[in-house]
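Shared chain: chain A. Partners: chain B in the first complex, chain C in the second.
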Partner chain A sequence: MGDFNWNWQLDGWIILTAVICALACSLVGNFLVLRRMSMLGDAITHAVLPGLAVAFVVTESRSSFPMFVGAAVVGLCTAFFTEWIRKSGRVDEGASLGVVFTTLFALGLVLIVHWIDRVDLDANCVLYGSIELTPLEQVNILGIRMPRAFLILSAVLGLNTIVITLFYKELKLASFDSVLASSVGFSPATIHYVLMTLVAITAVASFESVGSVLVVAMMIVPPATAFLLTRRLFQMLVVSALIAAFSGILGHLSAIAVPSWFGFRSTSTAGMMAVAAGSLFTLAAVFAPHDGIAIRLWHQILLGLNILADDIVALLYRVEEKQGRKEAESRWIREVLLCNRLAFIAVKRWLLFRGELRSNANQISLTERGHHRAQNLVRSHRLWEQYLLDEVGLDPSRIHPQAEKMEHYTDRDLREKLHQAIDNPDIDPHGSPIPVELSKRPKK
Partner chain B sequence: MQPLENQIPTTSKSPLSVQDLTVAYHRKPVLWDVGFEIPQGSLVGIVGPNGAGKSTLLKAIMGIVPLASGRVQIFGKNYRKARQQVGYVPQKESVDWDFPVTVLDVVTMGLYKKIGWFRPVAGKHRTQALQALESVGIADLANRQISELSGGQQQRTFLARALVQDAELYLMDEPFAAVDAATENAIISMLRKMKSNGRTTIVIHHDLQTVPTYFDHVILLNMRVVADGPVEKVFNEDNLNKTYGGRLTLLDEVSEAMRRRERSL
Partner chain C sequence: MIASSGNSLSLPEFVQHTTHLLASIGLSSWEQAYRLLSFQDHNTRVVLLGTAMFGCAAGIVGVFTLLRKRALMGDAISHATLPGIAISFLIATHFGWNEKSLPLLLAGATITGVLGVLAILVVRNSTKIKEDTALGIVLSVFFGAGIALLGIIQQMPLGHAAGLESFIFGKTASMISSDTVLISVASLLCLSFCLFFFKELKLLCFDETFAGSRGYPTTTLDLMLMGSVVVISIVGLQAVGLIMVVALLVIPAAAARFWTDKLGSMTAISACIGTLSGICGSALSAIYPRLPSGAMIVLFCAGCFTVSLAVGSRRGLIIRSIRRMRMNRSIAGQHFLRTMFELTEGQEASLEQQEISIEKLNFARTWNPRELSDTIRRATNAEWITRIGSQIRLTKKGRIEAERLTREHRLWELFLIHHADFAPSRVDREADHIEHVLEPEIVAELEALLSENQKTIPQSPHLLAHHVAEDEMQTRQHAEPTHSSRNRE
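This part shows the complex of A and B:
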């Protein structure tokens, strides 16, 4: 490991600033994600640039208040123009956003480059931010010296928290069902523009730290991650805040540590924050508890094995029914079912363990429990065949493969309904008897 | 159905009167000169083909889409003043069912207007919402996330939300679409109970077969009102043919001409 330069005075403030910035962004970002307006967030964060530039030039200072006003005005204009172009130009929202924000962003860049001598503002700094430099510019508040950026971001986080707490129920309603919101008199337009003002203000406050390109990562990625992990709005807000804060910490630590492992100097904290947030999102997408990729894969594997188990017991049942033999050779079963050897061994073990199968040398046979499962399964199969032929009118050659799939998803209730729907038949279309329903499952 | 038990006093003014209503999207008229009056306490079906402007009509009544001309009065007042008396049930598809809220949350939304701006939802509001869920038979699902609901359960959630609004005039956009038979029966018995309590309900409906059994008043709509009145008087083959018998080609032509002229100017 290379040299890990850590300085509490410097790095402590950087991490605190990063965390506060990420919190402020993700708080408003939740509603952008839920309202499916992530791109509008992106647009506003870019489009506020001319507002900033004009505010600089008019006031000839970097004081915050004119900047916020300029940005808020241009931010609202973005939201407004986008809506207007979408309506009157009859193009979709994405296209009208593309028109508005690229134009405004370009205008802002041109202004900054043009006035570069007069304003203390660097285009690179606006794009990527320079969180590493924020501790250098300190202000004195209540006898505590703190970075200016930290102070401003804390104020914006406070503002966002207050507004979202006040408008919590209105935001929830307008985001979920805007028609109901307007029918009861909570104007969705008002709520929309309040939210967009917050987005614009948050974007300006975050520029110095993470820049206009990455601010949208902080607005969108933590809430999108939280959306995968939670099922309640309040939980989503809390989890997104945790993820945002964690991204901030992880971002700075890895910006210092990771490059030094490979012998490079430390890299951009803002960049690593976005990378950290992106990695957390990937983890969440894979391991989300309800419908993550891993859990879905696991369910698919379990389902596949369960179907194989069904096929094994059903085959043994049919062998007994047609040939009167209670036992069959393991290998023969595997060959008939065309199944993978490993899967077969696993499922056989499982069935033996569950007491549905017994084995004798290389012969296997059904126990009473296994027989019960098999009989209901074969009953499902044959009821389906009859139903598909009579009620659905499927071609006789197609009914077997269809029934073969459906049998695995058919429970007792469904069998009962099928039985009634096809007038309680005794034999299936192929002339095999439809076995009776076995209700009580025998003990192991 | 607790909230609706008390009888509302009958007013002399009609719950809903629409006069000369015209709505246009991009100058292309969707509704032409629509006018009708609904008697107090009736159960009204609106039927008409796709694109007849049924949903637009409800939205125009609530002032959500702008009127090109005409007037809507609810109990003799304009919509802004009568808002409290109107309950709305949107189409199921109009909301995002993956939204992170519970069934109880959605029902509580029906009370937001009463709670008012900035004030948080309190325990008594949740109790009220839970009672409404009980009356539509899904109180056990109160804490589920809405993405776990079936189509019928989604519709019941919306109805419970309408119930807590405790309105006198209800506007419902296809509450019977894609629901199971049990839900359909539950909805219709709820509507009848509301009617017996003097509430007026206007329902956009697709299934022509059930119109005579479900409704006592019907509006046949296809860009304009073809007929409206008691079901036994106006719900006949002649009027249905006029409603469903093809598009109104001449109206289409003139609106197309208006659009072209608008552009060439």
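This part shows the complex of A and C:
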């Protein structure tokens, strides 16, 4: 690790500002994600440019309050125009958003170039943000010197928390079922614009420090991660706040640490915050407890192996039934079932361990326990074949593959019902006997 | 420790740079306009051709992304190209190659752009995250990574990232012949893809499942479409800048949608708007050098969109409100005739001999006086009624029409009662909604269903509104005897 420069006075404030900003953004972001308006944050931060320009032209100063108001008003206009074009022009939501924010951005560019050529409105600052520079501009509050950005973002976070607490029930209802919301008397339009106001204020307050695209990262990525991990709105809010705070801390630390491994000084904290949040999202998408990609894959593999085990015991049963041989060669079984060598070995071991299979050199045979499992399986298969032929009216050539699928999911009750439904036959459509139900499972 | 952004080119500087280049084209704006229009200037020709080609291709590709409800895909993709540009810059510096070689940077941009598309598709298909959130995640995380890499590049001894800025803001005015060739090749590529696979893309846009069932490789087609968005985004990035790419991919297509319901003509219109915006935007910016061309292209596009939104011939606001007004008028006229019929029904004198007062009509339905008098005026013009003072009488033509309408209304009511199990008190309103759109075939079918009412007008299955109104009037008259009732005494 190279030189790791750390300075509490600077880095402490940077991390605090980053965390507060991430919290403020992710809090409103939860509702954007739930209401499928994720791209609105992106649109608003791009569209504020004309607001900044007009505020500057009107007040002829770079003082931040008029700029803030101008930007927030244009942000709200973006939401309003998008909604209006979507509704009255019947344009798809994404498209109307695209139309509005690109137009406003272009308008802002023209205004800036045309009227305020000389002003230092740094477009890089809008895009990339400068959270590293926030500790340099400090204000004195209650005897503590703190960065101005920290103060503003804390106020915005407070506002967001208060509004969301006050309108929690309304926001929840409008996000999940806006028809119900309007039928019980909340106006979804009002709730929509309250939320949009919050988004606009948060975006404008944040993009100075983390940059416009990173506002989107903080608004969307932590809530999306929380969405994967939780199933209740309140839990989602809490988890997304934790993730947001964590990606703020992780972002700044990695902005300092990672480049130093390659011999550079440090890089953009805002950029690394987005990368950190993205990494956390990837982790959640892969390892989420309920429907993570890894968990689902694991379940799929287990299911596949279980079916293979079923197939092995059923094959041994049929060999015994047709040829009278109790034993069969492992290799032969593997070739008949066309299965993967590794999977076969794993399943064989598992069946031996469970006492359903017995092995003697290369030969394997069913134990009593295995015989029980196999007999019920074959019974399911043949009952299904008869049922599909009689009751469903499937073509005889197509009953086998269907029964092959169903046999793995058929339990005792269902077998009983099938048996009754097809008038208790003794043989299946192919002429093989349907074995009787074995009730008691033999001990190991 | 602190990444400085001091090295980067600020916006006014960038624009001044552009302006300077543009100012070198001509002397005064008129002279310039003349030179521009006569294509005398090589530089102008290059810029105009480049932006026109780009606008056309983006307009066509945009139609398909719009119809697949992926209008903002271009936004995500063009942001996702930034890390690729930065990485290839770093690689080139590391191996000592020319770090600003265009093919290398574009290759890097393409790789991360494609990765971005794949990431969106993976997130959308294998998690419960919705498409818009997937777009936002990919857009912001990839761009964040790009910014982090740029932060490193800025510290490199010989590497100053200024050249990379043009990929974000565009450098339309300083386009050179090789850029135009690149844009033209890429645009032609996307254009021929869209036109060659027009039928397949059409099916993909309107009924993906059906396309799959007919054996079209929908996934491959989808990926190829996304691929052409990537190509458009990448060549567009340096031609018009990031935001302008998004604009040209979305706005022409959205504007074209107002004019037509046919995919072929929508594509043509969108291509025209894209081309026109490219030409006019860069021409305006060439005449008035202070206007940045990328922004002018977008604003011209937005102008086209606004015009289309207002006067578009299929879905424009004006045409839709006219259609709605006509519909309302025809419905009001039909209601009027049916009310006339119901008021004169069941009395000995034939319909054409009875006179009805406007006051009575006013009570029979809930309509405001203005609406009623407008409807009466239009009915008089259509020769459905004749008007004598405040009395109204149906003409022969009006009577036939009124009988037909009432019959349809009641047939529908009977159908609802007998076959759809509606309560008699509710059928009137339901029938009110549907009677105006009943076609002759449906009426014939209804007649067959309700064969007992073959040729006559069936009786109304419920109490008519004007009976209720008459009852009300009578009770009022009993309560306070009026002049006329006293006379009768």
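Here are a few things to note about the model shown:
Basically, the second predicted complex is superposed on the first by the 421 of 444 C-alpha atoms of A that agree within 3 Å, B and C clash if a C-alpha of one lies under 4 Å from a C-alpha of the other, contacts with A are read in each partner's own complex, and residues count from 1 in each chain.
Definition applied: a contact is a pair of C-beta atoms (placed from the backbone, for glycine too) under 8 Å apart; a residue touches a chain by one contact, two chains touch by 3 or more.
Predicted model only: the values in this text are computed from it and were never measured.
If you put the two complexes together on chain A, you find that chain B and chain C bump into each other. Once chain A of one complex is fitted onto chain A of the other, the partner contacts of A:Leu173 are limited to chain B, with no touch recorded for chain C.
In the superposed model, A:Arg90 makes contact with both chain B and chain C.
When both complexes are overlaid on chain A, the residue A:Met236 reaches chain B alone and has no touch with chain C.
Contacts of A:His408 after superposition on the shared chain: neither chain B nor chain C is touched. In the superposed pair of complexes, A:Arg265 makes contact with chain C only, with no contact to chain B. Looking at the shared chain after the overlay, A:Phe227 reaches both chain B and chain C.
Looking at the shared chain after the overlay, A:His400 reaches neither chain B nor chain C. Residue contacts after overlaying the shared chain place A:Arg358 against neither chain B nor chain C. For chain A, the partner that touches more of its residues is C, with chain B and chain C as the two candidates.
Steric collision with chain B, judged by C-alpha atoms after aligning on chain A, is confined to one stretch of chain C among 151-159, 367-375 or 421-429, namely 421-429.
Common to the chain B-facing and chain C-facing surfaces of chain A are residues 36, 90, 227. Put simply, chain A touches chain B in their complex at residues 34, 36, 90, 166-170, 172-173, 175-177, 179-180, 182-186, 227, 230-233, 235-236. Every residue of chain B that touches chain A in the complex is listed here, in rising order: 26, 59, 62-64, 80, 83, 86, 88, 90, 94-96, 99-102, 105-106, 109, 112-113, 115, 117-121, 145, 147, 165. Considering their complex, residues 1-3, 5, 8-12, 14-16, 66, 69-72, 75, 79, 123, 126-130, 132-133, 135-137, 139-141, 143-152, 155-156, 165, 168-169, 243-244, 246-247, 249-251, 253-254, 257-258, 290-292, 294-299, 301-302, 305, 309, 315, 317 of chain C touch chain A.
In the complex of the two chains, the chain A residues touching chain C come out as 5, 7, 10-11, 33, 36-39, 41-42, 46, 85, 88-92, 94-99, 102-103, 105-107, 109-110, 112-114, 117-125, 127-128, 130, 132-133, 211, 213-214, 216-217, 219-221, 224, 227-228, 255-256, 259, 262, 264-275, 277-278, 281, 285, 288, 291, 293.
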